[in-house]
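First up is the structure itself, then whatever we jot down about it.
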Amino acid sequence: MGQEIMAVAAARELRDNEMAFIGTGLPMIAAYLATFTHAPGLTLIFESGIIGAQPRGLAIGVGDFKLLSHCQKATSLYYALSLLQAGRVDVGFLGAAEVDQYGNINSTAIGDYRRPTVRLPGSGGANDIASLAKRVIIIVGHQRRKFPARLHYLTTPGFLDGGDSRRRAGLVGGGPSRVITDLAVLGFEPVSKRMQLESVHPGVTVEDVKAETGFELLVPSTIPETVPPTLGEIRLLRERIDPEGEYLAPPQPAAPKAV
Amino acid sequence: MGQEIMAVAAARELRDNEMAFIGTGLPMIAAYLATFTHAPGLTLIFESGIIGAQPRGLAIGVGDFKLLSHCQKATSLYYALSLLQAGRVDVGFLGAAEVDQYGNINSTAIGDYRRPTVRLPGSGGANDIASLAKRVIIIVGHQRRKFPARLHYLTTPGFLDGGDSRRRAGLVGGGPSRVITDLAVLGFEPVSKRMQLESVHPGVTVEDVKAETGFELLVPSTIPETVPPTLGEIRLLRERIDPEGEYLAPPQPAAPKAV
Amino acid sequence: MTQVSHGQKLISLAEAAALVPDGAHLTISGFAHSLAPLALVRELIRQGKGNFELTSMGDCWAADMLAGAGRLKRTRLSNYMFEGFGRCPNFSRAVEAGEVEADDYSHFAITSRWVAAALGLPSMPVRVMLGTDLVRKKPLDRDAIAEAPCPLTGEPLLFVRASRPDFALVHASRADAEGNVQVFGTVSTIEEQARAARRVIVTVEEIVSGQTIREQPESTLLPGFLVEAVVHVPYGAHPAGMFRHYNFDRQHVEHYVRAGKSPETFRQYLEAYVFGVPDHYAYLRKIGIRRLMELRADPWWGY
Amino acid sequence: MTQVSHGQKLISLAEAAALVPDGAHLTISGFAHSLAPLALVRELIRQGKGNFELTSMGDCWAADMLAGAGRLKRTRLSNYMFEGFGRCPNFSRAVEAGEVEADDYSHFAITSRWVAAALGLPSMPVRVMLGTDLVRKKPLDRDAIAEAPCPLTGEPLLFVRASRPDFALVHASRADAEGNVQVFGTVSTIEEQARAARRVIVTVEEIVSGQTIREQPESTLLPGFLVEAVVHVPYGAHPAGMFRHYNFDRQHVEHYVRAGKSPETFRQYLEAYVFGVPDHYAYLRKIGIRRLMELRADPWWGY
């Protein structure tokens, strides 16, 4: 259910006819859900060079041949990413190993950069998406170690040091607009650019969110509950988009799969 | 015969396995001749985006579908010209409305630039070729008005003001190596970069060349005669490359062509 | 999981021309005698549109027709020439008469202005034009170029400013109703022009299904999101040609070049082929079915 | 007028690996589980080659194999991840152990370093990496980037220096004997890598005639003059896949990732699949014909 409400909350952030830069996993599920509900005119772009994908089923990655087959344009990584720099991409999705109070992300290393405790995959297109898309939605599990006071490495820009530091650095994209977790939906206070709570998911308290956040979170006086998934959304997720439960917890114990 | 000796002299400037940026008319005839004689491994590139052409017959322009059909790579103008900037092109050919003593070329305007007496086509890729190719061969009819002391407009760089002014301007290509006319073959003195006579065509005197040159030409003490076309070269030109006499004076009065 | 079909972009030639206002800054496809959206240019002239500004690489045909009809105000260009037939008669005369302002670039530099815009950069560095009058004489574009050293190596470079024309007018081989465009053969600067322009109108030889496009997504030059409108115009480049569809019309080109020798004879040409025909099919009827059939490409050689 | 055939570029896999010296600076094709020249990488390891430097966008497979075999000295990279299977085990462990030096970029910035080289520019401006540790922490490449304003607009930009690796190692769909290369599907950064590198070696699924290439010249990614050597290696990307030829081998990937969990088990993997097989066909026999057939792509969907 945590996964499902994240997918639904993310899907609702997408508007019809937008250009969306998509990663795999929950962002892809959210994009499919949006396409089947309120945003049929969404154009899906993947950094692998796939433009206007018409995917048959869930893909395991942005390079998946399922996304490539019968897309509108099969091209290069440089082409896809240059669409971002040209300001043509409305919204991008990002995951994170760590995210700080200004929406900056670490996906490179835990510990010292030159001799890390854990070497992570690195930016990939994440820095590009976060630097350049009109807005960015971060999807991340809400655990205290993932919401630290200070990142080990700043891979991907949110609002940097807050205020107008992002614009002053020369970053032309709009920055993160939402952080969607399994506990809550968060946003950014317009002037300071500090992260603030927008809504808590059903059954979650403000204190639950604070307990799993390693920095001081802005909490407006009234916090609504996240609008829960509708039955229609749940059915689309479970029956049409991810019937095997590859990304979402399966509704019942999965049968053993043939290899 | 003037055209034929120009084509032969130009062909001899090409070496096997070079990358050659080709225009239409005499440069194309010269390239074909080189391919059929000493340079079978020549790669022909056209600014229109045609790489590795295998032309069936003479083309009327660099955009001709005869060049495009069954080439190795059909691409964009930007791609073709960027090969020049990457230093991958050994030799380029240029025509000229005017050429000065440093091999600078005008192909833009005669008279005042803003209100010219004669508006010419403009640089096209000529400035790019002359700026960037390792060496450039200029092919032009030898008439005094085409060899002026001062250009009306400097479209395409030769050695600019001579000496090392070309390098100082930031131009990375080697500049013009030869000027081939219907009277002579000319080159450039290595230090001053002024144009100097290299050889005169059979039946032409040094005085003939000087009379048709509007600036002071460097003339070394001994000037050989241009090696005349061989019978084999003449036969290739007249029988195989340009049997209709489209660019070379036909060997006998042409029959009226059907439209 | 099939995609819901997007808004239809197919419109008529008259509707397409009506989108373009007087005084617009245009960039138009074309290289020598191919890829020119001449049916659309004729319709613009027919509708009385003009006072245009152009940014041009190889659209000799569009530029010369617009100049000859008195619809061209100024142009930044790298080359206007009718390959194999000499100078563009109307354009040359208009510049010589002071009726059209011109500012010259090299092919690579003018294209780099579109590349900068396509890449979302304020400018692109190039190593051309340096030391020449292309840099020194800039009646229109003094602030569009700057010599500056590479910040990393100190090498001298020329930075050319991103150019964002109001419209790219493009003729291509085929498209689907969502505006995905494919081109057979060389693609000239169509991609750079379309990515640089604020709005893109494409005329095509054939409308095909989205499925046809998606069977060869490697061949898509312009994805649908770049394209605002698509117009089906067979022989839409005539008298220029389209690789794999038809050759340029040498007879008609010679006729045009002769007509262009004087304003009087060119006015007669426009009367006959633009004002005197109500639409593109009337134009094609005037050219004649026999001639159109003669121009068709051989399916093996593509021309 | 037919063209005389050029020097033959077809060589064996062993000959191709022998061209690459110890300590070379490499760039290798690959995006996620596709386009990886893994037969060539295995042959490099088999021949004892190592001490390599990499400049990388998406060649997770090559990088992880080289790191696991102790052949990788340093890398500038934007991302190494086995999509759907987590981190690259050997690479991550090697960095954590201080055995491999890493310097991080974004995809767009590292690719722009090849774009600069491809275009013959000393550097390219980008609007990414600004404000982050990708700019501040540069153990290898302090002088490869510089923040500087656009000379025309004053906007803040990051200039990244042209990168010219010694070799680009590429796996592609098909080529002819002159080295003209075509790729089905997305092309990752193959074009930028091949244009940036000093020497280019391409392994391909199929060798086709020059005529076949010339029938679809629009599909040629690398023209022959860029390519020094071509090697025919069917299933040369295994366990990665090739669009329209075969899918990546999920079973084998899972096996590899498990083996990569410790140096000991990965040594066993190398023994079994690299050192224990004399050549690529022996490797394919070990994978098994039945499995290779299972991986074949459906001709309609391409996977």
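The first chain written gets the first letter, and so on, giving A, B, C and D; residue counts start at 1 in each chain.
The definition used in the following text is that contacts are C-beta pairs under 8 Å (C-beta built on N, C-alpha and C of every residue); 3 or more make two chains touch, one makes a residue touch a chain.
Please read these numbers as outputs of a predicted model, since none were measured by experiment.
By the document's definition of touch, common neighbours of chain B and chain C comprise D.
Counting only chains that touch, the fewest steps needed to get from chain A to chain B is 2.
Here A-C and A-D were compared by C-beta pairs in contact; the pair with more is A-D. Using the average of C-alpha coordinates as each chain's centre, A ends up farthest from chain B. Spacing of chain B relative to chain D, judged by their CA centroids, is 41 angstrom.
With each centre defined as the average position of its C-alpha atoms, the distance from chain A to chain D rounds to 28 Å.
Multi-chain contact residues of chain A (touching two or more other chains) are listed as 56, 68, 70, 74-75, 82, 84-85, 132, 172. Touching of two or more other chains is recorded for residues 120-121, 126-127, 155, 157, 185, 218 of chain C.
The touch graph of the protein chains shown belongs to none of the named shapes.
Inter-chain contacts occur between A-C, A-D, B-C, B-D, C-D.
Of all residues in chain C, only 31-34, 57-58, 77-81, 83-84, 87-88, 91-93, 95-96, 98, 101-102, 104-109, 111-112, 115, 126-134, 137, 139, 147, 155-158, 185-192, 241, 243, 247, 251, 297, 301-303 touch chain B in the complex they form.
Chain contact summary for the complex, chain A toward chain D: residues 24, 47-50, 56, 60-66, 68-70, 74-78, 81-82, 84-85, 104, 108, 113-128, 131-132, 153-157, 160, 165-166, 169-172, 259. Of all residues in chain C, those touching chain A in their complex are 1-4, 6-7, 117-121, 178, 180, 195, 210-211, 213-215, 217-218, 220, 223-225. Residue ranges of chain C in contact with chain D, taken from their complex: 120-123, 125-127, 143-146, 148, 150-153, 155, 157, 159, 161, 184-185, 218-219. Listing the residues of chain A that touch chain C in their complex gives 17, 19, 32, 35, 40-41, 43, 51-52, 54-57, 68, 70-75, 82, 84-88, 132, 172, 240.
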